[in-house]
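Which chain is which? They are A, B and C, in the order written, and residues in each are numbered from 1.
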Amino acid sequence: MKSKHIKYIWVPVIISLVLIPAGFYYVNWSKSGDGAGLYSRDWLPEAVFAYWNPDKFYQPVKSIGGIYKGEDCVSCHSGVTPGIVKDWQASRHSKADKKVYCNDCHGSDHENLHLPAPKVCATCHAKQHNQFEDEKRYGFPSHALAMERALDAKHFVDKPKAEVTACLQCHSVATKCDSCHSRHKFSAAEARRPEACITCHSGPPHPDDETFFNSAHGQIYLKEGESWDWSKPLKKGNYPAPTCAYCHMDEGKHQVADKALWKFGLKEINPLSSGNKIKRKKWIKLCSDCHDKDWSAQQLKAMDTERKRTWSKLYEAEDILKDLRANNNLFPPVDLRPFYPGDDADTLFQFERIGFFEGQASAFYNVSPIERDYFEMWYFGNLNAYKGSAHGDMSFVKKGHEKMDKSLTEIKLKAEKQRASGKIKVDENIIKNIWLKGEYTDFNREQN
Amino acid sequence: MKSKHIKYIWVPVIISLVLIPAGFYYVNWSKSGDGAGLYSRDWLPEAVFAYWNPDKFYQPVKSIGGIYKGEDCVSCHSGVTPGIVKDWQASRHSKADKKVYCNDCHGSDHENLHLPAPKVCATCHAKQHNQFEDEKRYGFPSHALAMERALDAKHFVDKPKAEVTACLQCHSVATKCDSCHSRHKFSAAEARRPEACITCHSGPPHPDDETFFNSAHGQIYLKEGESWDWSKPLKKGNYPAPTCAYCHMDEGKHQVADKALWKFGLKEINPLSSGNKIKRKKWIKLCSDCHDKDWSAQQLKAMDTERKRTWSKLYEAEDILKDLRANNNLFPPVDLRPFYPGDDADTLFQFERIGFFEGQASAFYNVSPIERDYFEMWYFGNLNAYKGSAHGDMSFVKKGHEKMDKSLTEIKLKAEKQRASGKIKVDENIIKNIWLKGEYTDFNREQN
Amino acid sequence: MKSKHIKYIWVPVIISLVLIPAGFYYVNWSKSGDGAGLYSRDWLPEAVFAYWNPDKFYQPVKSIGGIYKGEDCVSCHSGVTPGIVKDWQASRHSKADKKVYCNDCHGSDHENLHLPAPKVCATCHAKQHNQFEDEKRYGFPSHALAMERALDAKHFVDKPKAEVTACLQCHSVATKCDSCHSRHKFSAAEARRPEACITCHSGPPHPDDETFFNSAHGQIYLKEGESWDWSKPLKKGNYPAPTCAYCHMDEGKHQVADKALWKFGLKEINPLSSGNKIKRKKWIKLCSDCHDKDWSAQQLKAMDTERKRTWSKLYEAEDILKDLRANNNLFPPVDLRPFYPGDDADTLFQFERIGFFEGQASAFYNVSPIERDYFEMWYFGNLNAYKGSAHGDMSFVKKGHEKMDKSLTEIKLKAEKQRASGKIKVDENIIKNIWLKGEYTDFNREQN
């Protein structure tokens, strides 16, 4: 009997041995299309993607040939594009004993130039690049994973090209260094200033910009920052008030994840877990560059209070939506909703359908008004309050909670109405017109 | 008969003599709890309140003992918190013949340090402090009364802690001087710049920030302000364009109330009352530092036109709500609404209930959508238009009126619907779930 | 027979000969009222209009008499209004060999001073003025036609005065030069900076301000702009990053229309028409001051992609509204709607009625919610996305499309509901109360 059992053990072993390489092969195959990422076979890049993800998409210009030395590049481009030459001349690259010329980064063969991806910069700036890459260990949200995160998202494929383009501009922070060190000066002094961050970190879901500038820190920066010596490293005593990089990249470290407590406000956490206790100590040490330790600890606690309150509101809303779904009071009902883009109705496995399903956010396209309310509560109200709390701009805390309260009231009233009117009768026509012709559907698929 | 009547006069006299001290005793008793203000017995402060209302809540740090002289403070803190020492070194405090050291404001006993409340600053800066306190004569809105106003508000007690914390940050302008003169430089030059004001004066209900920077004045400041000599007093001829303080604290006066015409736009006034005529003259004199007198008068008149239009819209909305309430077409009906927080249903006197009742604003929590529309119309649209008009940013006038018009249309349509469907049938369950579990109720009371 | 036919030809000839002068006479008569523009007989100007349209409305101050020389003006006004004298002293006007004094622009007779309209400035600055006027050739939108455009708009007359005043402040760019060159410095250096433009170019329908400052260009300006030499002309190589004027007024040309492709995003165009191909070449040449030509072309193409997507959404919404109107499912029905202001119900010709009729925008006053959704989609969502795309701020593209998607969903749901409930029953009372007492009606007409 025993030997017979042992014999059967080969069945799962063999299946695994077949499935694992098959899985690897499948993922590899998925990634080998003309696009990029897990869904690379389902979309084609726009031309501008070449600049956001140069390693993957950049095609050298063929109009001008020849092999050039650095001095030649500078000589010719002084006339053709004087601005960027002046930038370079003002940079450390042009002032080093061994100058870093155009061709050191772009190559010398004018028909095979490349746009330098981070690994090119890493040739000299290995420390910074390693720190940057180290962020990946901490998972999302992350600068280093930003491009992957965008490309491998389920809704990437069928989203309208115009919006995908909008997403990639910021997410390109992972694939090019000049998101922060604007070319061709690549100045550290410049990248230390908050403006380097706010091109991306602004707007409703992450008003880092607005909340910093509204805070006491931001106001001091606005009043005096012009006269500070930005060539100094981001160290205790060097700056009268902190800016984004002073706190999140303290002492110039190119990794912003190892102090991240609430992680962008997108997940409820236990602020007192052992990992978070260590992070809190790092924050308190940092804040204590200027403030009393107790004060710093109290600020963190005030943020916890704010978060606790937020999550109780979000869960209250989520419970209502779960209940509606369970009782088939969502419109359209779950089984009549379209699948996520890229998913196929005929597939063997059950895929997710668009709308409120599980986890914290429902989609923001092709959803019913009550789900949209929840999405806005979660994505805008929540994150407004969080960023306000984290950056010391209490007006955003207030604004965020007001938004959430308004959404919650809307959700409650709509839910009561939907319950009162019983299970929703489905007009197939509406579903076809509104739901299957929405953002995530035919139009986009045709344009990809 | 006469003597008999005279005898009875003692009845109200005695009652008054008993009631007045009783009233004083009651108010005193109310204020003696662990919180602060009229409802001090009903809430506990958060730790951070210590910094916003130090006189009331600050507890000295006990970890380090000893009595120190000023030089000692500077010597040790140069290492511990170099930033604030540098700030002090850049300040007039460190450059005076008789230097003002750390211990002059914080005390010398390290186990009994205090955070300086305004009265500490008043030791030297009595003139400014007296001007600041003088604002109280003019009633709300007021910097000097800001903390009281927050703490003594009926809805303070049961409001979620996170939001109360948000309120107090700005309202702390009454209880500490570094809201404007950021520590430890306490620079007058810095406080003269508009950024000193906009930490608090921004956002939907009081977009002073946005409207100033959008105005011609603000644009000139943005283009040139960096090169102005901010050490000069705020006097005619010293600045090419006015900023917040130039107009509202002209010649450096620490009192902004004696020219306030429309008082934040929250009340309709008669712009031509004798008091306002005097204030208008002050404005015209001030504007005439740069502009023609007629032009200045016309600007004020244009603001009156705008206000008149606004109030006709607000009253139109208010009339609709009054009518709905009178006909029991508000949901929930008046008698089923919860009382204001802190009020008790079993009390002898009839207290206010949450929602649209009287005066200009309805509450913004726990109200029905039509009341919320009115609140937004009143609090956002109205004040957007007002601030735009007052600061010369006509885009906000337009935006404010657009918002109000939208709200008014919503209110009219909802009112018609509610009237058409007759008196609202009350589902007690909804009232219990939505109304009595809202912002102003159980959750908060539990957290206080 | 032939001669008889020839005889009849005189009938239309004579009619034309009568009608053409009659038309000219009518237009002339219309324009000769106390207001200005085509509807000048229907409204009276506010006093402040004198400053926005001085040539038409300014009335000299009579309080001080006398004829003064330039030195006299300066001497007296150094005491009366020192700020503006200092501005003048800092200007090129005071530093020229032949100084340009106050009286050269305002006149010498103190009882007959004028505010200089552009033609006064043109005495010396003819080139700039001619370029500015040249914009008129290109039609709307246009700086040079801005005042006419406002005054000759059908809804100008009955719009509330407060809002008309808001409109005219920006539209006065056509009728005075200090909209950009702030008085009395009239500095070219100052007018080159983006702040000169954003007083008007900001806010929901044209967030040029927001999108520029969020862009990489804007961020570089914010970080470094303070140290640039703004006295240099707007030419290749003079500035490290472009600002509004660098691109739209390249080489200082006072005409921004000859490169305008999408014309403010208000009309769908064929980006590949021959005219637009020429304009695209101009843009690519301009962008190539700093960027690669291919990159520049790709950016323009990315904008086309965005636009294409936008217009498909707008047309989808428009089709729904057309269908509702055709089936009398708009509320109120077309024939019960009020006419546009200024139009008369008893007139011979059929005039437009307020609401969704034809073309791309419905009105934003006195419209039903579904039309308001469409208006917001068109005027805010659309233009947010467009400006984001044009200025390289992808967050606004995203935001704009999110707004449009939300509106479109609302429109679809409301339309389904309106269709489901059949033709709308009309309550004449509602129409009277809501529609005929709205923005465009009795109140305003009474105030004009």
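A few comments on the model shown:
Assume a contact is a pair of C-beta atoms (placed from the backbone, for glycine too) under 8 Å apart; a residue touches a chain by one contact, two chains touch by 3 or more.
Bear in mind that the values here come from a model prediction, so they are computed numbers and not experimental data.
Annotation for chain B: without this chain, the others remain one piece by the touch definition. Mostly differing positions are employed by chain A and chain C in their mutual contact, as under half of the interface residue numbers are shared between these two copies.
Averaging Cα coordinates per chain places chain A and chain C 37 Å apart.
Residue positions 226 of chain C are each in touch with at least two other chains.
Listed in rising order, the residues of chain A touching chain B in the complex are 214-216, 219-220, 222-224, 226, 236-237, 239-241, 288-292, 294-295, 298-299, 301-302, 305-306, 309-310, 312, 385, 388-389, 393-395, 397-399, 401-402, 405-406, 409-410, 412-413, 416. Against chain B, in their complex, chain C makes its touches with residues 46-48, 50-51, 61, 81-84, 86-87, 160-163, 165-167, 169-170, 182, 185, 190, 193, 195-196, 198-200, 202-204, 226, 364-365, 369, 372, 427, 430, 433-434, 438-439, 443.
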